[in-house]
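Notes to accompany the following structure.
Labels run A, B, C, D, E and F following the written order; every chain starts at residue 1.
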Amino acid sequence: MGDHYLHKSVTDTAKRIKLLEIQGARNVAIAAIQAIEEASKESKAKTKTTFIKELSEAKNVLFNSRETEPLMRNSIRYIIYNVESSPSQSTEELASEVSRVSGMFIQKLEMTKEKIAEIGSKRIFHHARVLTHCHSSTVTNMLRKAKLEEKTFEVVCTESRPVFQGRLTAKEMLDFGIKTTMIVDSAVRNFMNDIDLVVVGADAITSEGNIVNKIGTSMVALAAKEARTPFYVVSELLKFDPETVQGGYERIEERSQKEVWPDYPPGLIIRNPAFDVTRREFIHGIICEEGIISPHSISELMHRKYPLIFESAQF
Amino acid sequence: MGDHYLHKSVTDTAKRIKLLEIQGARNVAIAAIQAIEEASKESKAKTKTTFIKELSEAKNVLFNSRETEPLMRNSIRYIIYNVESSPSQSTEELASEVSRVSGMFIQKLEMTKEKIAEIGSKRIFHHARVLTHCHSSTVTNMLRKAKLEEKTFEVVCTESRPVFQGRLTAKEMLDFGIKTTMIVDSAVRNFMNDIDLVVVGADAITSEGNIVNKIGTSMVALAAKEARTPFYVVSELLKFDPETVQGGYERIEERSQKEVWPDYPPGLIIRNPAFDVTRREFIHGIICEEGIISPHSISELMHRKYPLIFESAQF
Amino acid sequence: MGDHYLHKSVTDTAKRIKLLEIQGARNVAIAAIQAIEEASKESKAKTKTTFIKELSEAKNVLFNSRETEPLMRNSIRYIIYNVESSPSQSTEELASEVSRVSGMFIQKLEMTKEKIAEIGSKRIFHHARVLTHCHSSTVTNMLRKAKLEEKTFEVVCTESRPVFQGRLTAKEMLDFGIKTTMIVDSAVRNFMNDIDLVVVGADAITSEGNIVNKIGTSMVALAAKEARTPFYVVSELLKFDPETVQGGYERIEERSQKEVWPDYPPGLIIRNPAFDVTRREFIHGIICEEGIISPHSISELMHRKYPLIFESAQF
Amino acid sequence: MGDHYLHKSVTDTAKRIKLLEIQGARNVAIAAIQAIEEASKESKAKTKTTFIKELSEAKNVLFNSRETEPLMRNSIRYIIYNVESSPSQSTEELASEVSRVSGMFIQKLEMTKEKIAEIGSKRIFHHARVLTHCHSSTVTNMLRKAKLEEKTFEVVCTESRPVFQGRLTAKEMLDFGIKTTMIVDSAVRNFMNDIDLVVVGADAITSEGNIVNKIGTSMVALAAKEARTPFYVVSELLKFDPETVQGGYERIEERSQKEVWPDYPPGLIIRNPAFDVTRREFIHGIICEEGIISPHSISELMHRKYPLIFESAQF
Amino acid sequence: MGDHYLHKSVTDTAKRIKLLEIQGARNVAIAAIQAIEEASKESKAKTKTTFIKELSEAKNVLFNSRETEPLMRNSIRYIIYNVESSPSQSTEELASEVSRVSGMFIQKLEMTKEKIAEIGSKRIFHHARVLTHCHSSTVTNMLRKAKLEEKTFEVVCTESRPVFQGRLTAKEMLDFGIKTTMIVDSAVRNFMNDIDLVVVGADAITSEGNIVNKIGTSMVALAAKEARTPFYVVSELLKFDPETVQGGYERIEERSQKEVWPDYPPGLIIRNPAFDVTRREFIHGIICEEGIISPHSISELMHRKYPLIFESAQF
Amino acid sequence: MGDHYLHKSVTDTAKRIKLLEIQGARNVAIAAIQAIEEASKESKAKTKTTFIKELSEAKNVLFNSRETEPLMRNSIRYIIYNVESSPSQSTEELASEVSRVSGMFIQKLEMTKEKIAEIGSKRIFHHARVLTHCHSSTVTNMLRKAKLEEKTFEVVCTESRPVFQGRLTAKEMLDFGIKTTMIVDSAVRNFMNDIDLVVVGADAITSEGNIVNKIGTSMVALAAKEARTPFYVVSELLKFDPETVQGGYERIEERSQKEVWPDYPPGLIIRNPAFDVTRREFIHGIICEEGIISPHSISELMHRKYPLIFESAQF
């Protein structure tokens, strides 16, 4: 199958995701949904079969833009699943079905974010010292909510090498008027005894209840467990990766050596995995749109709440 | 007491230590010894009392150049102790006693380093994957020795934020012809299951058997313990800090915020401790000039081997 | 809204709960249900709206009688939910609906207790040494059942400071003819190696799968885990607190200082929390009316078994 | 009730199971199903009541052939449940219902095995060193699948005293062309640091999420946890034992002393339990026909997938 | 041998110790020394042999006044050892040797206490929250020293059932002007995350490096370890029990049931051990007159510092 | 240097050690000492130099008979050290010095064994359930002593694959009249909760305080730690291996594949290490001739008690 079926919005978006011009699980998902929607609006397909073939190609291109990105993948699977299940054969009607589902999905993502902030902010008690690692908009939105509720608390950010996303978190915190401290990543254990609560985001949730997040997260979790400090993951349920149900390992992107050492000496091997895996036994709870849950029952929760995800992952 | 007793070599050396122009526990100790020696050679003191007063002032200035630096402090204490115990009253004879003891001490440091390399290199078995953190000349000398013995092994270095001393380690390893990999500090746990042995240096050893080393060492140790990977400390015994016997906490130097983030935003607090403490239960053994020992018996070993240190620490 | 809507049975019951004249999650729940029933029987409300307003005020008063008491709260929520969902508009019919649901609920509580005793008593094997903390009628009923089945076993009770509820447990055990030993709370670890099984009750179960129970329970659990002794919680599922799903912390009642030291010296602070939290990883299983379950899946179980609880908690 | 209702195929099969002429959870289940089917085909019962009485007796005899064998028990319960629920009163029709359900069940077991192999083989990455204990056809089938996919990996087998089932595993592995190493059972910890993955089978799964498997499995799990080595259980969901939901302990068969020491000296006690229990916190995941799951939610999964099992266990 | 050799001061003191009229390891030791001294002053013995026989009987009587009390026992052993080693044969000279050694010993105990306070108070940093269990004059003296040094810190005391010695500690702390909080024993884990440092006394130190202290100490230590809170023991080295070197278990006194429940119901067994054992791996350091040491090397330290103790324990 | 210097008693003994005709650390040491003694008695050497050369060759041959055998090695080193230090030049006198030292050494070994039995038997309390692994004559002698003291206790033995030395232990226990149970090695964890005390022997003790003993010992230790069961090592101090001080790994003998599976299939790799390493943190104490000690201070104890060992290991 050639790429003549592919709309420019899809190829452009995929390229921008690859180059990290679009970043963050939520932003990537929204951009991909919008690309799909635009492409289907302007589709010239005559039959439902062709229409779906186009969608399917778009899906492949977008999926290939990142090693793994469950939120984006679940979004696209969901849209396509709805089109396929639609009784209609008219491509026009199918295109407007894509628009409807896309809009609904993006709105749902927004509501989810607010719901999570509402639930999670209740965990931020007065005078709490909260540590976070890297940058997660779901986390910072939740902390912002707590601040808006006039809670007094402080945040400790790691710098998050190699790309220093912790600086983004620190700036946001300062902008929200929250007392903020930054430390290097390897100082986490040194400060852990004075931390009341750790909150981190997630890039993916596996069927075993583990989470995939920025490299270093699992070391923060280990230090938290050692000091009996609660460790919470703040995440949309749709970051659940249905491929892990089928035995697939969550793939970990390995990024450029130059991120670590721009002018590294010849002969030196640099390993730069972007993420690591934090196992469920380190996680006190996942703060999600369904409330605060034990990660151990994530698969059953997904079957109850989003059963489609399991079916649509079979494509 | 004025500083007119102070020789320029002492004040200069103290300043260079403060500015980090002289670095590494061993280099600092040697420079301080040499300053003391030079000062005493050119002393104009007429009486033993004055001579010792001068030494004592030099000691204070040099001690104040770093928060804590047991190897340097033990060296100077040892020299002064010898002068005080000397039956001689002639300042000329006392100066040459300083020279004799200084020379002996520096030679001893050299022999110790080689002895440690000889012992420690036996722990580097064929095909071992060795992880180290930060830069320690005692560690790199030991790895060099193992390489010279034609062992095939590889080394994984952390970058060691904020000052990237891991890059120095990596370069030395490559120079020795050792296969070398670099990772960011927070990736240690991610690679730990594939590591056979961790070796790190030490800045100080406490009476409880804990070690003080570059920030992040205790997180490496925690990840090693979790994965049942042996964790060894390579250190001269004279890094034992006799002040900790008397209840004193090992003081942890807190360094400039700009090391972490040169243009940090106003309002942000940056905490930048240079060292952390790794407790004895994480340490399989200390590889020292006396062989491989359990850190739990360090105080008794020091009493057997260097009893003077306990007396001279009372000054 | 004034309290002129409030029936005396409600205000009286609330007062007696506050003064601990009514104690124990089950007794509190039953008294509250009966107060509601009596109030609605004698309601003078003319419209469904008024009738529900009265119920709602009664709910508030009863809820405020204790910091948290999920079994009572779930009971009342359940009754009100049924009234609201009723198609009827007649206040007479609604009052008899309250009676019907109340009766059913109380009967269900009784059946649940027997079901739990039947299931849990199977865990009490011959010659078992069982430790329990504080007093729980669900636990003692289960042990009584095991004794009635002619099992030979013995029970170790903690005294359960500050109010010595362990003495009540000890007396009940002796009355049942069970060999019984009492120890002070802090001796639990000393005896743990000789214990085969720990069973405790619960005041609340959180959405993460943790349980809230009498202060000291989490230390018993810690000592049990250290010695690899099974630790079971015996509880009705309706002690699940739906407010924790929404992020709320389980509130821990802090009781009078005089309970700890009647004539404490001026200036002394006494902290007297009545409960503590035992996290799910310490709990081998919850013995409930659904069988023996892992606490990690409690939320999914509640969604399957009592979905109404989640909806009615939104009020 | 006498055994005159019993068909020879049932008593013969039960005897062969008892004598271990039929072994392995799957083989035992299939043999029992076939015996039931044959017996019902040749039944001379005139009424549905008598027909069911015969089935019920056959069930008792087959259940008694092993202490516990959930897969076989669940199979028989399932068949009988279907017969009982059938609207038909004709014994002929009922017999053909038995045939239909039996065939479907056996076919399902086969499909399940292949599904598990497909999922689990994805966990066997290139150059993995996989340790297994005892012999499980579900495990060896999964490893065979991975080998057929041309993955390069090696297997370490324990010998599995006292009956040396590890030798069977080793032979199968060699037949599949897999590099294989054998060690004695007590050497597991010695080799664990070089193992990437442990996979074992299961004889039963309890409602708490624990698994029952060949004696020694829980020690392998303990050594795996200590070295942070992933530990997976490979099992059909129908090994879930619904009796454990109701509080029953999984019964552990104790086998002949002569298996351990054929000519043991008089006076010596030999304890020879065939199985042990591995608790859920040691298990990274159960690889089953539903995918890879956390054992903590097994009860909810069974309620979703095989609700009949809970009802039929009440018989 | 009859008790006609026994002086009244010895029998009286032994009785008062037994009745707890004299309490605390230090007070008991001093009273016993003084009794011995008085007895030997008024001895009517004519020969060294008789004199020593008298001392030996006094020793037996005093030793039997408590199950175990190493400080007292070591004191008496030390005095007798000196008498036996004395070249003198004159009973008058021996009596004055007893006086001399006794005086020296008591003076030494006083100096030790001050030395320990000096060392230990350095561990009490500004704003520290220090938890202690039961009452130890060595601990309270150390905290008093820290307060005299104008440090700001606060103390959390357990009540220490069954005899409430924590109340004594609380009163002393308040008298010293230290902010003080009291909790029940079983609430320790609940507050541990907010504690910076635990300090407890010791009744005995074993050759393995374990300590024996008031019942509940080992549970405090367990909760401290779980939360990574430093746990220090404050003790004179002469609480080392040389009998444990020879394999003897440290005997744990079991006290009256009425201490636990004055009017306990008939048939109830009450177990009331006065002490428990805290193993060395829970202890960060022993703060003693020699400084802060690892408990693991206690035997070697005693051989270096008090070699006589090993010889004199052979009597 | 040829082997014409070698006496037949030496080569014969070395051969019998190699073929396991002489077994057990103590028996091997005694045989080697006797061979050396016989050889030196019949030496034809004319000069001290030649005499020592002969001894040295004998040493090499005996050392090579086993991978490592510290007790034997320390014995021979000790004898040679004495000869070398002897002022005498007469080979006759030197030969009688060898006899004297040998006799003394063997006598000392015997006394040590009895001393250990005396100390260790105090740890066997009434009704204790003691587990041991493999066979150690030091352990069985200690248990025999406890039995002779009329203590009632029972012993659980592992079978100790692959050579079943546990059967020897079981027979000895039965002969002593001790109640004895045997289990397979992998069942240890299954029974650990009912064990009060584990005691094992040692083949070597390292400078870090670890012990080397029969394969499986470290798994027993792990299971003991998990269940908080005390784990003691019973060993002569002269099993300390001074080569480990100098960094050498304790070499682990790998024995014949046929021990594991006599007729193993072609292509199968069998790994059969005879020993494993149990780290000091698993060991409650070493029961040795010096009493019960913490393994962490073993090096300092050896320096105090057997300083010669460190010097003589330099040869």
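Structural remarks
As a working rule, contacts are C-beta pairs under 8 Å (C-beta built on N, C-alpha and C of every residue); 3 or more make two chains touch, one makes a residue touch a chain.
Note that the structure is a prediction, hence the values are computed from the model and not measured.
Considering every other chain in turn, the ones in contact with both subunit B and subunit F prove to be D, E. Within the contact network of the assembly, the step distance from subunit C to subunit D comes to 1. At the interface between subunit D and subunit F, two copies of one sequence, more than half of the residue numbers in use appear on both sides, so the contact is built from largely the same positions.
Centre-to-centre separation of subunit A and subunit E, using mean CA positions: 59 Å. Separation between the centroids of subunit C and subunit E, computed from CA atoms only, is 44 Å.
The set of subunit B residues that touch two or more partner chains comprises 226, 281, 294, 296-297, 300.
Screening every pair of chains for touch gives A-B, A-C, A-D, A-E, B-D, B-E, B-F, C-D, C-E, C-F, D-F, E-F. On the subunit D side of its complex with subunit C, the touching residues are 207-209, 244-249, 279-281, 294-300, 303. Contact residues of subunit F toward subunit E in the complex are 118-123, 125, 281, 284-285, 287, 290-294, 296-297, 300-301, 304. Listed in rising order, the residues of subunit D touching subunit F in the complex are 158-162, 167, 170-171, 174, 179-191, 215-216, 218-219, 222-223, 226, 260-261, 264-265, 267-273, 276. Within the complex formed with subunit B, the subunit D residues making contact are 192-193, 196, 226-229.
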